[in-house]
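Okay, so chain A shows up in both of these, paired with chain B first and chain C after.
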Partner chain A sequence: MTVTTRLRSGETRPAGAAPSRARRRRVASLKAFLYVAPALAFSLIFLIVPTLQTAWYSLYDWNGLSVATWAGVQNYIDIVQDEQLRDSFMHVGVLVVFYSFLPIAIALLLTMVISRAHALRGMSFFRTVLFLPQVIASVVIATTWLSIYSPNGLLNTLLRAIGLDSLTRVWLGDFNTALVSVGFVGTWLNVGLCLVLFLSGVGNVQPELFEAARLDGASGLQEFFGITLPALRGQITVALTLTVVSSLKTFDLVYITTRGGPGNSTSVPAFEAYNRAFNSGQVGSAASVAVVLTIGILLITALIGRLQPKDTE
Partner chain B sequence: MNGKKRSWTGVIAVSVAVALSLTACAPGAGSAPAESSGPVSKDVAGAGDVTLTVWDQNTDEGITDAQEKLNAAFSAKYPNVKIDRVTQSFADLKTTLKLALSGDNPPDVVQANQGYPDMGAFVQGGLIRSLNDYDGLYDWSSYYPESLLKINSFSADGKTWQGDNLYGISQTGEVVGIYYNKKILTQLGVEAPTSLDELEKDMAAAKAAGILPMAYGDIEKSPGIHLFGVVQAAIAGSDAVNKLVTGADGAWTDDASVTAAKTIQDWSSKGYITEGANGVSRDDALAQFEAGQSAFYIVGTWKQAAISEAMGDDAGFTTLIPKGADSPVTTGGEGLAWAVTTGSKHPDVAAAYIDFINNADAAKTFIDENSLPSVIPADYTPKPGLESDVFDTYGKVTSSGGLVPYLDYSTPTFYDTLTSAVQQLTDKQVTPEAFTEILQKDYSGFVGSK
Partner chain C sequence: MKLSLGEKLVTYLVLVIFAAFALVPLLGVVITAVSPSSSTSGFRMPQSIDLGNFVEAWDRGHFAQYIVSSIIVTVTVIVVTTVLSVMAGFAFARLKFFGSNIVFFVLLAGLLLPAEAFIIPLYFNLRSAHVTDSYWALILPQIAQSLAFGIFWMRNQFMSFPGEVIEAARLDGATDLRTLWQIIVPPSIPSIMTMCLLVAMWTWNEFLIPLVMVTQDNLRTAPLGLAFFQGQHATDYSLLAAAGIIIAAPIVVLYFFLQKRFISGMLDGISSR
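Our next item is the complex of A and B:
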């Protein structure tokens, strides 16, 4: 609304009259608006309007082709009541542990070890290797792990080789292990990212601090909790945000490895939204899942942002 | 700071206004093009220069070659028609066709999957046109057997499958059955099974001899439809399953379906089917069968060319006869239906095209490419071996009314419901009774809302 009034006041300006200071500011702000207009138009057309449309669709019962019927908040009630949808949100909760908490814990542990071994030879090589999963296309990763988890894949072969035949199973086909197996791929994927972030953070700590701690006789553990961990707060927040968001919107790994199976044991909201919108003709329900997922991601990101130390940035 | 905030409220206000004006009424309203109801004609040459956009999923080797040949022949016959072929896999077509059809510039001819989720939804949305008038011109009703026409028919409102309006015709025939390894059966001293009891006896013999009775991989989830479909058809018979899938009568919790579920779970417990099948891919299971490591494998006739190439004369194909019946009953039907969109500006040319690629001459082109046509030419004698097994079975099943539809046609969401339930059934996560209740819950919700 304010935009249009501003435009109008600009047009009705009497010709020749010296613009008042307030008007000059308005013109300046109009100019500023013109500068951002292309970007704004872009995000309006491709982001904001589709988002609002999705929210609008979520209030309907629609197969994507025929005229939709008004459903009110029924699609949202279904998310709580429909076992399949409810489970998909539970599953993503499990995945957060594997995609986010575990990689961060492992990366912190590795940081503790590596940062003490300053002159580790070939450090940059190992760092590259650990970061590599982040660079590889997720389809390639999923296909690779599909083969590792297959009945005669690498994992089962290894287990048999060391005499643990009783543990071998079809990892992605077993109701008890499928979700954990998918989650573990995420752990493998994200450890490298977290580690590179943390190592760069440790690099910023002045070496004198460590030296002082050591002179005072601090153990490795004390050094870690006293210096490293507080120094990494910013990096941990960034790692948390990136990994939690990536786990919440997981789609590719599930789509390629299990398609939500066996049964529904690995279905996740992003997969449900896709499947309902494009395969089973439940566009309204898909939209409501997408809306809840978006709001969830925004809320969680905002909460994590609160961990960010105030003095930096 | 304040100005920034104000401009943001402005942006949001404007975008809300834009979005609301875009979606002032319910989604989907007024998007369907009006159906043209003018007189129809066989005239193609007089239509002037026409580009026909065709969406198909004939990607399999052999079938795609046949399609290319037919397209070239049509353009040669009518030089004023240019065919713009858009071809993609079945799964891709399933996800993109809805969007293409509901857009402003839909293709002229499309291959539509049968049943409620696809064809039913298209008819309901007014996106594909009834072909009854063209049937009058081209007389498809006398070329195709009744059972095949029914599968491609719906009521005008799209709510009742196998209704009065014909919405498409199909090129290829499909029957899901049991491929068997002749060498293994001879070694076990048993005949190819023709009933469920015989199949179970043969599988017990194979198990006792240390051979995997049936290779089965279900990671993709769709093979579960074939496994359950074949067993259910052999127990319930064609009438009951047809009525169930079309929503005419019956329930998924009926005794026959429970028995079918019990049978499959029993096979899983006894190790008749591949252990951990939910984590084994369909292709891996087929490779196992082709390598002579299992006695049986359930899949459709579309794998005839591949299996015949891998196993030669060692492979056979059979279907099961239910108790008390005298001819086999099994899942099957025909390839996707060739349909004409309501948005097509050249329905006469489109209809002439689908007639050209589906008629008796086209059937011969498909046979030349080692594929089973929907109507086998009367004067054709199949080559002995697997082709003869497949062609004879198809002939027997279609002529005796033993064809039951793919079970996922039942409701728009049945594909997901059934495939995930079968995974739970074979892994003993649910009892057979609970399995049928899962299916019934989806089914009664849809049938009740019609």
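Our next item is the complex of A and C:
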């Protein structure tokens, strides 16, 4: 290998010699490269270079029109000092609980109760229904919940029907409930996903294991911690990655339902980045938020990835 | 393995409760959509079914135009993504070439990056190139995002393709390109179809890229159209519900027919990252 490489770069081969193996390999390599070149070009032009530009933009003060001025790390300092930006990152922390921890906890609990549901009749129907929210456009989901949370919407109507009139309120317009209401949509979205994921994971466990455990007189809890939970490690990792990343990226839902309001109570980083870049002319600040958000997402993905059991890769 | 009757009942009960939890908001939308349109009265079971909201949403909301835009964008993205993913996936799985690791790493980065990472400069780049406010501004970035997934999907598929068959074709003197399209692709059609379904769903449902890239009404895709429609008819929930159903319907119908592909595709696709 080293010899051919040297031949290639050193041009020591006499001119006019028969095409060498190195040359043929180089042609084959070039041809193979042509297969990936268009995809590479798309990735570079539309994803990679703009991402690097985002980092560059974040060091400037720019309103999107006039000449940008150098700002150094001021935009990053602002993320810590500016209350509005700091809050947006805190809010996303709350959303992670609703989008990720709650659905995973609920789904695990249910999996414990119904660990052998995959063998039941009608399971494919339930799987289809539980997974349904995943395929509906986020904008449609958002308008749906906007209607449910509205003053005379489904939620308040239900509360009145069961005599809890005192609890009714404008859920998305109330400082105390807006963020939780947005978060609950995430719980609704992700419970089904986690449940489908975990039930399919339990389906892969050999039934003999459960039977043996029962013969040995294992309790339901012992069965869960001894067999089910270890078997689900891969699925839990996937569920964590998916739901945490989706909560960090929350944008569509906030844009449609609250635009960050009331006040600043539901603003999230993705919304701040959009709003500052395209509405309020603070492109540099928007870029710095995007950079922090991206680094956060990549770090968390990498950290969760380390939980993944090695043998499944 | 046998389940006792009690276990069965508990299991069904839990499944029914959570299926209802998933369905109630969606059924609420359907009921709202067929209720007579009005902005003051609240949610209640309708006395009669009224499909007028669909007609009104369709006419007043320009949804025919938005659906056409969505179809143009989605079909173009699917076609280009499929061709390029199949070729690149084949190269990564079956060909050796200089720098393949670096190229693969670059494409991997594309899969992990959130849209927020690149959308701001991308808008200004495309604006400088006079591409914003055109279908291209919707299609090209969407292809770039879809390719990241498509290449991984096809590479995994082609790596499990029996190597002897490919060797035999090569010995018969078939070129790589011919081996790919005539030997490898035909038996891989099911997995290519799954990829197309997922790309179709993501493209159809995409919101941020159209929101940023186009301002002209006639270029809006269906979800973006709904967002603007919601801005204008903020509290007319019957109209909004009808419009939402119109937009969600194509993908939901596909999903009901091909739910196994959707579910396994989404779960496998995510797991393989």
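Keep in mind that, in the parts below, the second predicted complex is superposed on the first by the 273 of 313 C-alpha atoms of A that agree within 3 Å, B and C clash if a C-alpha of one lies under 4 Å from a C-alpha of the other, contacts with A are read in each partner's own complex, and residues count from 1 in each chain.
Everything that follows uses one rule, which is that a residue touches a chain if its C-beta (ideal position, glycine included) is under 8 Å from a C-beta of that chain, and two chains touch if they have at least 3 such contacts.
Just so we're clear, the structure is a prediction, and the values are computed from it rather than from any experiment.
Novice: When the two structures are overlaid on chain A, which partner does A:234 contact: first (chain B), second (chain C), both, or neither?
Specialist: second
Novice: Quick one: classify A:262 as touching chain B (first), chain C (second), both or neither.
Specialist: In the superposed model, A:262 contacts chain B only, not chain C.
Novice: Would you check which partner chain A:69 touches, where first means chain B only, second means chain C only, and both and neither mean what they say?
Specialist: In the superposed model, A:69 contacts chain B only, not chain C.
Novice: Look at A:157 in the shared chain and tell me whether it touches chain B only, chain C only, both, or neither; answer first, second, both or neither.
Specialist: The second partner, chain C, only.
Novice: By residue count, which of the two partners contacts chain A more extensively, chain B or chain C?
Specialist: Counted on chain A, the partner with more touching residues turns out to be C.
Novice: On the A-aligned overlay, A:226 touches which partner chain: chain B = first, chain C = second, or both, or neither?
Specialist: neither
Novice: Would you sort A:44 into first (chain B), second (chain C), both or neither based on which partner it touches?
Specialist: Touch partners of A:44: chain B and chain C.
Novice: Check whether A:171 is in contact with chain B, with chain C, with both or with neither, and answer first, second, both or neither.
Specialist: So A:171 only meets chain B here.
Novice: Where on chain A do the contacts from chain B and from chain C line up?
Specialist: 29, 33, 40, 44, 48-49, 53, 56-57, 64, 150-151, 278, 283
Novice: Looking at the complex, which residues from chain A come into contact with chain C?
Specialist: Residue positions touching the partner: 26, 28-33, 35-36, 38-40, 42-51, 53-54, 56-57, 64, 110, 113-114, 116-117, 119-120, 122-124, 126-140, 143-148, 150-154, 156-157, 188, 191-192, 195-197, 200, 207, 210-211, 234, 238, 241-242, 245, 248-249, 251-252, 255-256, 269-270, 273-274, 277-278, 283, 286-287, 290-291, 293-294, 297-298, 301, 312.
Novice: Which of the residues in chain C end up touching chain A in this complex?
Specialist: Listed in rising order, the residues of chain C that touch chain A are 1, 3, 7-8, 10-12, 14-15, 18-19, 21-26, 28-29, 32, 40-44, 84-85, 87-88, 90-92, 95-100, 103, 106-107, 109-110, 112-125, 140-141, 143-145, 147-148, 151, 176, 201, 204-205, 207-208, 211-212, 222-224, 226-227, 230, 235, 237, 240-241, 243-245, 247-248, 251-252, 255-256, 259-260, 262-263, 266-267, 270-271, 273.
Novice: For a test of understanding, state which residues of chain A touch chain B in their complex under the given definition.
Specialist: Chain A reaches chain B through residues 1-4, 29, 33, 40, 44, 48-49, 52-53, 56-57, 60, 62-70, 149-151, 169-175, 178, 258-264, 275, 278-283.
Novice: Along chain B, where are the residues that touch chain A in the complex?
Specialist: Residues 3, 6-7, 9-11, 13-16, 18-19, 22-23, 26-29, 32, 94-95, 98-99, 101-102, 117, 121-122, 124-125, 127, 158, 218-221, 275-281, 284, 412-413, 415-416, 419-421, 423-424, 427, 429.
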